[in-house]
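We call the chains A, B, C, D and E, going by the order they appear; numbering starts again at 1 in every chain.
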């Protein structure tokens, strides 16, 4: 079936607008789109979106993570193998992380990472043909926010929720951060790490995030104040 | 027997004495001073250039059921690439085809002979590439260790990402190949630069390189 | 027996109709009398010491296109198919072994015997598989495929005695056909012994009786199967079932040795024929390929001309 | 040389042939392989047939047993068909219990026989609620080179047609059973179901229908087990099965139905002649 | 029997109800009821599988079919094969080489048309899991009754007396036949007519898919 932007799409549909746009200038095909000979076909169900000038993608629901380049993810170290760590990021196979890709690490000065540690890392290599590879430094060799996440609490959610939480328009984090202090790391692989002062606060943040999956912006705001008052009420 | 074919042998047939003049070759074995056949096939007698001895061998009408040996040149298809090694399926030994593919592994340090510290397997091979490699002595069960640290060895057929099926890239240097259709360039460990039409010349070349390498040996 | 979920099952209480025929129950003596007639001839017209190898032997190779090598052997009614495949990985093996392994499997077709055989692997299948492997191991150059195994599958389509011997003969032929390096040609034969009578290359009925304990104690009875490497004059396997005295065994061995040698020319003939045929075939293919190549080149030239012109 | 090409560029190799309107084994798209049929060569089975369609070889043997009918169907006998794919018939099978593929093919074959209604199970009942025949039809594939179902159906139906049931006398009072194997009556077989397999190969511009594919062709056309199988009994259809693989446009379907009709006639002739001569013949 | 006159019949399918994410732990799941027939499907993947079943070209699909009773049989393997082959044609497995996608189907209620319900439910669960697909597919069951008439989406009573039943699967791109499973005896003309009817009815299923996705797209 022929579809256009902002339509509900199913795999097998095709979009001529994209092809037409492609004739004039370069087009970026995001997730859920695939070019076959002369047509652009939809491969995932959801809503077809466009961002000016020429970026197209399908907003779809997904839980399973498929590694893609330059995304920040949260992983768990499952094995030390030679001079690399194997990290579970929720994809089809474990990702590798070299001992050397930590800030200031050399062959002699190895980073202190144990099996079971939670890491916030960046996808360096991710392609269907290769084993994904992570790094904990940026291109300047600085660690920035990447590295081992100590303490705190990790939970899983759908990939859509992660994108929603990270979206600049989403009021959730803005509302929550005014209520009480906490640390948060969001991995694009559907894992979220939270660290707050008390267990109660941690759970409150977690519930707030999980709760907002199907809520609108205004509902999120009211939910946040709700949680905050509940929490404050019990504390006092 | 049939004169056009030559002398027919069957397993266990005593072929000749085993001494300085007659040496047991492929398809034969030595026992108590005699050479016997192990295959059903045709007797071949060749003179070794150095020792002037006659090598007695039996040529079977089909590929003998033996496995790749250390030193053989094999054709293999890359299956897995990661930062430490390359895994592949061995498809042919020399010019003979294997019915069953065998697993081969190419360690990072065996990919190139120069610059061993800075080899990145991703920049040399991709899954799906067809490579020529030499078999190293077997040390592990079920895995043949391979090496491409020679000029004639490396990638012979590769398809660039996004290119249509069957359009192979053409080597443009010893470390790069280019798709003739999409003009995409990708890094590879190329097996010596082959001129223009790669598909037609590939087999001749691989055979030639086989011969050469055997001669060298 | 648990129900097999992977097949269609018949009713649980079914029995062969043969049980209800008049001829079903017979005593030992009655059966014994049936084996040999007054003139000393067996049921199928053979003399006691006459094997089926001479006139009722049929063998051919290359009948299974999907296998590397295959063979079919027919001893009058006993029909055996064998196929051999290229070496493959040994499943669940962790140790490095210098010698390759042979994996042998003997299976009976469900309709191979007078009674329906259930398709499960039973004790007889297993013991035959082991015997086959032991017989073949000395003849295969196993050092040429360390850490790998060669599969030898034997399927018995119809069982009328001497099936182990037939299986070994077929497997030897199939291995040679598959170009698995071998030290020698392997041949095998069997005898059934009932009292003083020695049945060379026995039929199913004869084997059946030889396996039954006779009423008088101390009578020789049993089956012996022996396989030999003809050129090397070595015995590669010797399987004896039943009880008999030593003289009887040595006597049987002499007979079996002679029988094994009798089969060799048969096998040789098949192998030579096989080599001649495949070489002729290859020649023909090569000639055809050459022709095609010439035709292709002519066409290429034409195209080139067209391209240059256009 | 060609073999190496086939190994390294499997798709391209096959494509080269198909785009030149010929198949790798030299057949035309709708050319079937030779059928060789031999009946009653096995003496231990009550009825048997060996069939070769090209390289694909199937042996079928029938054995007879007696049992009491099911309580819910007191006047029905049993027809138990099983297909064995032993490891020796292809390098793709492993020894052990039947693989999923074997079970699926097994189901397909028995389904076709049941659907075609060529055997009336009531004919197999001797005394209602007491005694009925059980027909164990075991098919064994010795060489699997594609279009397995076709060969199985030919082998099965030929052996059914040669089957002769012994006479059974049942004493209602003493429940004594007596079988006389010397006096036999042939089993009634209604019609003659014939299966024809097709593979669909997708070229960019059109879909190509390949009749009676070899195992190699099946693999190239979307994997083993994605054949389009048309089964006809006389002029009626008794099963059209297709499992995924390349899609089938309506025109190709028409074509397939026509080809299968023609082929059913040929196979029928082969079986009839063979049964008449009861000896080996080579046809078409 | 024979060709019926083309009468503009209003195709009425059994009412369909579907819920996504019915199972919280799987990557994608759906429960679908078509009339009284109900099935649940869970999809997991792409995930790691043992190296012997890996394929370097594409993802390996594994389908597990569980009956209500739970006892395995040859017929279940057959159903698994039908569903697996159908999914394989729809899923873009080449995007996930060396991985596995497992599909688990649990039959809940069977009041006729179970196979097509399972097939449709699998398609919905795959959509829910976010696995890339070439196209969607729709399965329709029909029966030929005693008098030779074609009944779409037959009930259990219809099936018991039917001369033949057929299940067809069509793809959403070219609306071509992907899978066909038939039982019973029928003439060529009946077959063609049944095929044409089911073909027309498949549009309803595709529309239903779109509705479901629309419903869920609004929520997210």
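To be clear about the criterion, contacts are C-beta pairs under 8 Å (C-beta built on N, C-alpha and C of every residue); 3 or more make two chains touch, one makes a residue touch a chain.
It should be emphasised that the depicted structure is a prediction, and the values quoted were computed from it without experimental measurement.
Student: State the chain with the largest centre-to-centre distance from chain D, centres being mean CA positions.
Tutor: Measuring from the centre of chain D, the most distant chain centre belongs to A.
Student: Computing the C-alpha centre of each chain, which chain sits at the greatest distance from chain C?
Tutor: Farthest chain from chain C, going by C-alpha centroids: A.
Student: By count of C-beta pairs in contact, what is the leading chain pair?
Tutor: The chain pair with the largest number of C-beta contacts is C-D.
Student: Going by C-alpha centres, which chain is most central here?
Tutor: Per-chain C-alpha centroids compared to the overall one single out D.
Student: Rounded to a whole Å, what is the gap between the Cα centroids of chain A and chain B?
Tutor: From the centre of chain A to the centre of chain B is 46 Å.
Student: Quick check: how many Å separate the C-alpha centres of chain A and chain D?
Tutor: Here the centre of chain D sits 54 Å away from the centre of chain A.
Student: Which integer distance in Å separates the CA centroid of chain B from that of chain C?
Tutor: Their C-alpha centroids are separated by 36 Å.
Student: Roughly how far is chain C from chain E, going centre to centre by Cα mean, in whole Å?
Tutor: 48
Student: Give the residues of chain B touching no fewer than two other chains, as numbers and ranges.
Tutor: Residues 77, 80, 99-100, 127-128.
Student: Of all residues in chain C, which are in touch with two or more distinct other chains?
Tutor: 6-8, 68, 85-86 - these are the residues of chain C that touch more than one other chain.
Student: Could you tell me which residues belong to chain A and also touch two or more other chains?
Tutor: 129
Student: Applying that definition of touch, give me each pair of chains that meets it.
Tutor: A-B, A-E, B-C, B-D, B-E, C-D, C-E, D-E
Student: Where on chain D does chain C make contact in their complex?
Tutor: Residues 1-2, 42-45, 48, 55, 57, 59, 61-68, 70, 78, 80-82, 84, 86-91, 95, 97-98, 102-103, 106, 110, 134, 136, 138, 140, 142-145, 166, 168, 177-181, 215.
Student: Residue numbers of chain C touching chain D in their complex, please.
Tutor: Its residues touching chain D are 6-11, 13-18, 20-22, 63-68, 70, 77, 79, 81-83, 85-86, 103, 105, 107, 109-114, 116, 119, 151, 153-155, 157-160, 289.
Student: Touching residues of chain B toward chain C in the complex: what are they?
Tutor: Touching chain C: residues 1-2, 5, 8, 10-14, 27, 29, 31, 36, 38-42, 60-67, 98-100, 103, 138, 140-142 of chain B.
Student: Flag every residue of chain C that touches chain B in the complex, lowest number first.
Tutor: For chain C paired with chain B, touching residues are 68, 84-90, 93-97, 139, 141, 144-148, 150, 176-185, 229-232, 268, 271-272, 274-276, 278-280, 282.
Student: Help me check something: in the complex, which residues belonging to chain B touch chain E?
Tutor: Going by the criterion above, the answer is residues 77, 79-80, 127-128.
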